[in-house]
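Structure first, commentary second.
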Amino acid sequence: MPDVKLLEFFPSPSQQPFVIEHVNEEFTSVCPKTGHPDFGTITVRFQPGATCVELKSLKLYFQSFRNEGIFYEAVTNRIRDDLAAAMKPIWLQVITDWKGRGGIRSRITATSGDVPADWRR
Amino acid sequence: MPDVKLLEFFPSPSQQPFVIEHVNEEFTSVCPKTGHPDFGTITVRFQPGATCVELKSLKLYFQSFRNEGIFYEAVTNRIRDDLAAAMKPIWLQVITDWKGRGGIRSRITATSGDVPADWRR
Amino acid sequence: MPDVKLLEFFPSPSQQPFVIEHVNEEFTSVCPKTGHPDFGTITVRFQPGATCVELKSLKLYFQSFRNEGIFYEAVTNRIRDDLAAAMKPIWLQVITDWKGRGGIRSRITATSGDVPADWRR
Amino acid sequence: MPDVKLLEFFPSPSQQPFVIEHVNEEFTSVCPKTGHPDFGTITVRFQPGATCVELKSLKLYFQSFRNEGIFYEAVTNRIRDDLAAAMKPIWLQVITDWKGRGGIRSRITATSGDVPADWRR
Amino acid sequence: MPDVKLLEFFPSPSQQPFVIEHVNEEFTSVCPKTGHPDFGTITVRFQPGATCVELKSLKLYFQSFRNEGIFYEAVTNRIRDDLAAAMKPIWLQVITDWKGRGGIRSRITATSGDVPADWRR
Amino acid sequence: MPDVKLLEFFPSPSQQPFVIEHVNEEFTSVCPKTGHPDFGTITVRFQPGATCVELKSLKLYFQSFRNEGIFYEAVTNRIRDDLAAAMKPIWLQVITDWKGRGGIRSRITATSGDVPADWRR
Amino acid sequence: MPDVKLLEFFPSPSQQPFVIEHVNEEFTSVCPKTGHPDFGTITVRFQPGATCVELKSLKLYFQSFRNEGIFYEAVTNRIRDDLAAAMKPIWLQVITDWKGRGGIRSRITATSGDVPADWRR
Amino acid sequence: MPDVKLLEFFPSPSQQPFVIEHVNEEFTSVCPKTGHPDFGTITVRFQPGATCVELKSLKLYFQSFRNEGIFYEAVTNRIRDDLAAAMKPIWLQVITDWKGRGGIRSRITATSGDVPADWRR
Amino acid sequence: MPDVKLLEFFPSPSQQPFVIEHVNEEFTSVCPKTGHPDFGTITVRFQPGATCVELKSLKLYFQSFRNEGIFYEAVTNRIRDDLAAAMKPIWLQVITDWKGRGGIRSRITATSGDVPADWRR
Amino acid sequence: MPDVKLLEFFPSPSQQPFVIEHVNEEFTSVCPKTGHPDFGTITVRFQPGATCVELKSLKLYFQSFRNEGIFYEAVTNRIRDDLAAAMKPIWLQVITDWKGRGGIRSRITATSGDVPADWRR
């Protein structure tokens, strides 16, 4: 069951603005409609406020979705909401890319806060 | 025959803005001029209003074009119009990429509403 | 000899703005200086006004350059001018990519009208 | 141990604005938590002020992190701070791409100054 | 020895704005410090004013750097300055991509004039 | 309905051994179990005996499977058997590559006769 | 728990030799040592004897490893043994490709019977 | 019109066996049935006997097919026969790869003599 | 210092022949001539006899080369000899791919025993 | 001028058979016919006898062709002959890949001795 308490944080090492991106290509949850597993890649990008998410705790948090029945859109919004509430980033973007089902592959993007100027390129 | 009544919708799981992209690499219709089949990839992107399109119903809707004689430009505008009317998204973009005919491959892009700021990157 | 009268047009199927891109990877003309053939890819993008170019007629128009002695820059501007005059698009972009000559490969881009907002992404 | 004194600089060859990018795909440091080596690619981009960093000295500076226990975020901010202090560039961007740990790969981006207009494209 | 007099020009075939890009993947010069050859790709992009550079003359100009001892940054600025002075383009961008030295590969970008609106995309 | 009478043949232009490969990336049939369309790529390789298959007739033959309910394995063996019987090649190989179903993609290879020595490489 | 009884079979549609390959990019099991999930791609190739494995039953069989603690080498040999015993193929090859752990990615190949002559190419 | 007299040859520089491969990605001829141009890549591989084909003459020979109406299979066998007769190689292989027509792309391979042992790899 | 005692082994899970491949893209040692670090990818393939190498112990063994001054050829032969002596495989192949030095990249392949028949493909 | 005396050798570190491959992507010489520079990639593979070629000396030897007028075929045979005479390898293969001239790119392969059994794969 997704468990936000698995997440740990450490103080940001700089007051200068910077951006962190973590990409997990090994995410799996379960389709609540069919009971079949879903497989996806989760990308988390953020400009930290006071804290950054610790990498191993992020892995365990992602693993806690393994046997959860949950739709693509809900996974994406839940991760965005959990991380935004716990980490209070200046900007946060969660992108989920899902392998094809019935010949259709999907990508969901959820954001909190404004995209930093130097990320836009 | 393309059948918009195949489409089903479910309530958006979040009031926070987010963007959904579905890519179907298995689209086929028929050229009304030559009677030969056309093959393409359909990309649908939208920022939902109150509802999202259900994935399996979207597949069946796409399959309903299988034996329809219809031009590239008309397919693209029809999908845009059908989804915009039924789903009332804040933003909707339909992109069709067609395999080559006579050495020329084509891409048509039709949009409804303004591109969300955080989609532009 | 390039022949604009080969081009045929059909009425745009929508009053909503949309963008069409045709890519021809099988273009050839002749270098007027050396007499050797040139090979390139021609990309035509446009937001239609009242009409769209018919695909097979576009192929025949491109084929009419086959034995014409004409420079890269002139091919590009000529296609832009021919299509702009005949089709009166809201926006038109012609890009030509040429295989290497003497170790240098070239790309020419000619535009007519303003890039549509939703094409910029 | 990371040693900023290894860095050498030479006067910028032009008063006209230009941008330099150096990419080092052979960076390694040590994870302070596990003691295992980390491997990454470091990209440094800058618009020079009066001086540019000398390439061989940059390599030796990067090599000085080899046996240092230091987190991803700290490596990135430290290189940004060291180069910004020593070179006083008009713009500086440091991007670190780290190979996967526990199935998660990471990218950190730290910037100093405004992105030059012609770099944005 | 780099020789700007090798460059030849022809009148631009159109008064409409357009952009030309030439990419030479076969550039070589010599490192003035080590005496070893450097290898790179030179990209020249410009919006012509009254004239365009002739392709074969550009090749010969590039070849004139073959046995010249010159740094990356100087090559880039020199080509930008030579072409800007001789061709008086509305916009000119020179990008040099250099194969790795000591595990570090480099890219230098030098510009003259403002990027044309339709090039930004 | 698959129709072998659509196939036409022409006399082989050489008595010297040679090999022909035709690749059709636009094949579709229907799953007899689910009624959903299947999409695949069909590769036909052969060393001709007295005749070669005519390309346009091969396209029409492939199109005749469009609304046929037939399994992957049966498609592959049927095409092999139809072509072997009609064309009497010295060697014939039919390979079908099917897009994923339920996360599994498949390739079926059926052969008639011995692989020619110079095809093995 | 891996369950061979999930597998179903159907009679081979041809007495002529042919080869079937199924690739599942969505396999996951659990490391018995660390308790962390493993992710891999499973390729099954066989020349059928009297029967072929049914595709949906193969998917369910693969899914039955989802929460099983089992090493790479054991997964590979178990699938080979289960399929060889149940299907009695003339040739069977099972290849497992595992995502990296500690910077090392692995591939295991287990075979039963002789490689068919026309598979070798 | 294809003209074998354009070909020139020079004495092989070595009595030791070696293999030469020339790849021309800019071949075009005309379909005798439709009158439309065909585009392909021609690969010529040979182990020389006493002579090698001169590169510029080979280009001119290929260009002599430009406006010839000739089928894929005939092009391939003709080039094989022309080069085998004129150059008397120990081994010669001609491979033609043709861009798609009606969704089908083709490759023809014609050989003269035995593949050299060290080419097989 | 390279330390073969770090390696641990476990009994092979099958008496049937199978092949294991481990690829480590994060190998580094030091050039004994220049003192600069070398970076490479190490591929180990083997058909086990009675035992298989344990994955984490293999990682630690590779890490023990981190600050060792040793040439490419010696690294490759040493790993082959260490693993062959300790694991007594039926077949063992060690391949090292090294990033470029002075514009030259290298690959060394060392083998012990005969390549298994079904590995040749 | 190509200078075989630049080559240095060191004793092979193993009596067990192994294979070394060096790839130089930065080779340039001059076409004796046109005076224009040629650019290529040189691959040298060998099973050493008593000695191996030292990497830096190989780089200098390759650089000695920089301003030499010499044909592709002669470069390839010369490098093969120079290395075979000086190093007395059990097997030696030299492959040169040349960038396109007049739309044709070339590869020359020259061998000395028999390909080792485990290199064939």
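Letters A, B, C, D, E, F, G, H, I and J name the chains as they come in the text, with residue numbers starting at 1 for each one.
Note that a contact is a pair of C-beta atoms (placed from the backbone, for glycine too) under 8 Å apart; a residue touches a chain by one contact, two chains touch by 3 or more.
Owing to the predicted nature of the structure, the values given are computational and were not obtained by experimental measurement.
Common neighbours of chain D and chain J under the contact definition above: E, I.
For chain D, the chain whose average C-alpha position is most distant is F.
A repeat of the A-B interface exists among D-I, B-C or C-H; more than half of the contact pairs are identical by residue number at B-C. Rounded to whole angstrom units, the spacing between the C-alpha centres of chain F and chain J is 43. With centres taken as mean Cα positions, chain G sits 32 Å from chain A.
Averaged C-alpha coordinates give centres for chain E and chain H that are 36 Å from one another. The set of chain H residues touching two or more other chains comprises 25-26, 36, 39, 99-100, 102-103, 119-121.
All chain pairs that touch, listed by label, are A-B, A-D, A-F, A-G, B-C, B-F, B-H, C-E, C-H, C-J, D-E, D-G, D-I, E-I, E-J, F-G, F-H, G-I, H-J, I-J.
Within the complex, the chain I residues that touch chain D are 25-26, 28, 36-37, 39, 63, 66-67, 99. Chain I makes touch with chain G in their complex at residues 12-14, 16-26, 52, 55-56, 58-59, 117-121. Taken together, the chain C residues at the contact with chain E in this complex read 71, 73-74, 76-77, 80-81, 93, 100-112, 114-115, 119-121. Considering their complex, residues 36, 39, 99-100, 102-103 of chain B touch chain H.
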